[in-house]
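Lettered A, B, C, D, E and F in written order, each chain numbered from 1.
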Amino acid sequence: MHQHLWREPMVYDGSQLSPLWIFHQLGVAGDAIVAFRGLCRVDLTSMVDQADVRAGSPIFSEDMLHFMVEHFENDLEKAVLRQRLLVVLIGEELLRRGFVLRRSGDDMFHGDRKLSVSIATITPVSVVIHTGVNIHPGNAPVPAAGLADLGLAAAWEEIATAVMQAYAREMEGVHLARCKVRGVG
Amino acid sequence: MHQHLWREPMVYDGSQLSPLWIFHQLGVAGDAIVAFRGLCRVDLTSMVDQADVRAGSPIFSEDMLHFMVEHFENDLEKAVLRQRLLVVLIGEELLRRGFVLRRSGDDMFHGDRKLSVSIATITPVSVVIHTGVNIHPGNAPVPAAGLADLGLAAAWEEIATAVMQAYAREMEGVHLARCKVRGVG
Amino acid sequence: MHQHLWREPMVYDGSQLSPLWIFHQLGVAGDAIVAFRGLCRVDLTSMVDQADVRAGSPIFSEDMLHFMVEHFENDLEKAVLRQRLLVVLIGEELLRRGFVLRRSGDDMFHGDRKLSVSIATITPVSVVIHTGVNIHPGNAPVPAAGLADLGLAAAWEEIATAVMQAYAREMEGVHLARCKVRGVG
Amino acid sequence: MHQHLWREPMVYDGSQLSPLWIFHQLGVAGDAIVAFRGLCRVDLTSMVDQADVRAGSPIFSEDMLHFMVEHFENDLEKAVLRQRLLVVLIGEELLRRGFVLRRSGDDMFHGDRKLSVSIATITPVSVVIHTGVNIHPGNAPVPAAGLADLGLAAAWEEIATAVMQAYAREMEGVHLARCKVRGVG
Amino acid sequence: MHQHLWREPMVYDGSQLSPLWIFHQLGVAGDAIVAFRGLCRVDLTSMVDQADVRAGSPIFSEDMLHFMVEHFENDLEKAVLRQRLLVVLIGEELLRRGFVLRRSGDDMFHGDRKLSVSIATITPVSVVIHTGVNIHPGNAPVPAAGLADLGLAAAWEEIATAVMQAYAREMEGVHLARCKVRGVG
Amino acid sequence: MHQHLWREPMVYDGSQLSPLWIFHQLGVAGDAIVAFRGLCRVDLTSMVDQADVRAGSPIFSEDMLHFMVEHFENDLEKAVLRQRLLVVLIGEELLRRGFVLRRSGDDMFHGDRKLSVSIATITPVSVVIHTGVNIHPGNAPVPAAGLADLGLAAAWEEIATAVMQAYAREMEGVHLARCKVRGVG
């Protein structure tokens, strides 16, 4: 799958979580994962998670590392499985750097403070995932930690690149694993 | 999903990786995860991974903690995604107990030594997963570590139960996550 | 699946036939069936059945027992099969009470008079079903009968509850039936 | 879908529940429903329902009206939904003839006596259904009723034809219902 | 599948590429292919191909033979496979009339000049295909040929009918081919 | 997808039409198309087409160019669509070399003589396709032509390579086409 890192900052407001957004940015068709850094502000009308909408919980973080993923398939539950693995891979990258995070579903915590937000949903032609990792979570609506708290703010590009490579490798590995087994029964 | 732990030892020889094996053991229908402890010996004719068959690499471990999973659905790649999360959850349980494992796809390593084997495949009516975690890996065909090396041999039942609960919770969480979002685009 | 009966009246105007409507009402995620009583008025712009739109046939009934169902899957034809079984189960409940209805597809008739309306369709994240059973069908656009004609107006809550329980049991039974067979051939 | 009635008796022993059995008999390709009359004897090794295998409950009836269905699709749960509707249609045909049966899942009862057996399963290329309705259930393993008890033994061909027509019409109707709606949400 | 040819001219502006458009025109439900002749003008906001949108390439042709197809299924890649076969069948019809076209994906060329445009996409309830074959391509945005260049302008109705028949036959043949094989392995 | 040409002759007896056959030959996992040359003899017990089995028509050709394809997906009808495109691409390659073949479904004819055989079917983990093109069809059971009749026997390797490249390109193009459109409606 395609990988791309934008070094210039971009605001994430939820509009990026839409079909072919990556294609329109990069002009390359097919499954892709991209990353960028910037403010995160998703108001209630743009939110996809209806539990948050019901609870009136908007999303805000002053400075986040954002991952956007698009797979051209149509199984939403499968997309959630892929999303969970993306969160796992972020945790594994931070573990390699010496930080033990706690994962709960698609959330990551540093101690009791929330490090990330994530959502997966379906479009008419694909499934899409957003995962945002706090760098400086100033004014987040819940107790939050960020890469800066771990002394990793300056490493955001390296982390982004490592995670994208790991995700692309994991997805390729998952597909190949499915191409090497015989059925049983 | 159903969960069950057998305390009495059983040999895993690959025949358990078949449709409705859990149903025939327990008499309960539907998605399930079960665990037991015992020798692991899968000869080439019983092996599902055709890369291993091609390489002539049978599976052997003197003493393993085995997890068997069955989901009544028919997407093999999705089963591999679930399998990867099962391996992740085993790693997270060991991390909670203070041990940092390294995951590579569906394998777990302690240092350079392999801790586990895993496979996922499809049956005419379901998908099935086997993950075996060495307890005492004596005579394994590759450099191997086991729970005993971590001082966790006596905790195998607790670990088995914790992993099964975490897997059931994760799968339930994945399904509910898919039931709370609106589509986009 | 979740079940819920609202005792207070609500108007059905077609807007309820939408993704996560039940979730927004109840706050519980996952497959669900709910029921309520009230006026039914669906104008042409809100109608889902394009044969009715083409024929210019709006839906109206002064007083109906409404069932709303949502399943988080994406096969519209399968949803129609589930819808047919819901209509069957309503007929079976009335048969237990001594009334022989005639079913034709997703319609039920008492003699030549129409007792019900029903539709199934797909959303970006689910399939949804509405079935309305006349209580007092005053001013319906076609010759219509209602539960009141059968002397069952006062029993609407019991009927609603019995049908929801039967539907939940049927869907559970359908799923378990699929988990107990081996493949053939 | 194709329909065919054999007037000459045939034994049903479970071997007919296999892919392309109807095609090999008739030479017509595609979805089909066929019917015949004869002894029913399915021993444990031929049984598809693993709950019955587990319970050691073979199937036997001296004289049954058999329906065999094949749909060229690959969703086993959907096949169970179709199977339930086939059982419903048999009940509706008998209701038209004045007999009130009780349906429970895929079983039909006359009072406390079982009238029918049914199973649905999957093949590598299709899904298949068998439903057998007792005519004279002599030596059945459970208390059983038959069409003969209802005075309908002589009408078996008419009943078979009516049910096949109703099933073909229902399946066509289900498909067309799915082709006339717009999506919502 | 249903087939229909309109002899009176109609403008194609992209709005026809929508769910149930054929149903609303003809009142017949189910898979269908229809044809008509007329101007083709699709502006950027109506375009489905996002590569063309990104490139700012609208579609224009003064006089085209248009085919519209709808299949009530939900696999977009499969729709593209069907679309390719539609383009192939148009080429085969012209080959029978003595003209060798060159196909490249879903495009047809006469020498270096483009003869056709085509797109396939998904709707909430179906997949839809448009293929337009130039008759007089006046003012097309790229070097273009038309049926008139081949001396076939007057034969457009015959060609349309032959292609629709061939497509319906091909799709029926594809389905039947899938109903006559046993699985392997 | 992977491509491979064997220059040494191999007999095709139907056993090659099985899951992971290409993987076992080449050791590369994933979708693939391969080609080789050799005798073709498939007896009735090895045949997949049950219409041929029913008609008692075995397959024989003294010398054929064989294509074997495997896609790791599970839609048999979609496999037939891919198979038809493979046959089309063979015809287009021969057309480029100046020979007009006639295609009828998955058969190709030179005049009234049959040039090819083809079948597509499903395995527990994939779909597989075989297409054989006569080189010298000696003793074929029906009037047959071969590449030798077209003076192309010596070009079989070039033709095989060109067809494999065209098929891989077509399949890639089909997938990318599905990744560049927005949904409608």
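Keep in mind that, in the parts below, a residue touches a chain if its C-beta (ideal position, glycine included) is under 8 Å from a C-beta of that chain, and two chains touch if they have at least 3 such contacts.
Note that the coordinates shown come from a computational prediction; the quantities given were computed from them, not determined experimentally.
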Which one of E-F, A-E or B-C makes the same contacts as B-D, at least in over half of the residue pairs? A-E
Write down the chain pair with more C-beta contact pairs when A-C is set against D-E. D-E
Whole-Å gap separating chain A and chain F, where each centre is the average of the chain's CA atoms: 42
Go ahead and note the Å separation of the Cα centroids belonging to chain A and chain B. 26
Taking the mean of the C-alpha atoms as each chain's centre, how many Å separate chain B from chain E? 49
Taking each chain's centre as the mean of its CA atoms, chain B sits from chain F at a distance in Å of 39
Would you give the residues of chain E that are in contact with at least 2 other chains, written as numbers and ranges? 19-20, 23, 29, 50-51, 74, 76, 121-125, 175, 178, 180-183, 185
Line, ring, star, complete or other: which one describes how these chains touch? other
Contacting chain pairs, sorted by label, are A-B, A-C, A-E, A-F, B-C, B-D, B-F, C-D, C-E, D-E, D-F, E-F
List of chain D residues in touch with chain C within their complex: 17-19, 48-51, 75-85, 88, 92, 95, 100, 103, 105-106, 119-125, 128, 170, 173-175, 177-178, 180-185
Chain A touches which residues of chain F in the complex? 19-20, 23, 29-31, 72, 123-126, 175-176, 178-183
Using the touch definition up top, name the residues of chain B that touch chain F in the complex. 50-51, 54, 74, 76, 121-124, 185
Hey, which residues of chain C end up touching chain A in the complex? 20, 23-24, 27, 29, 74, 124-125, 182-183
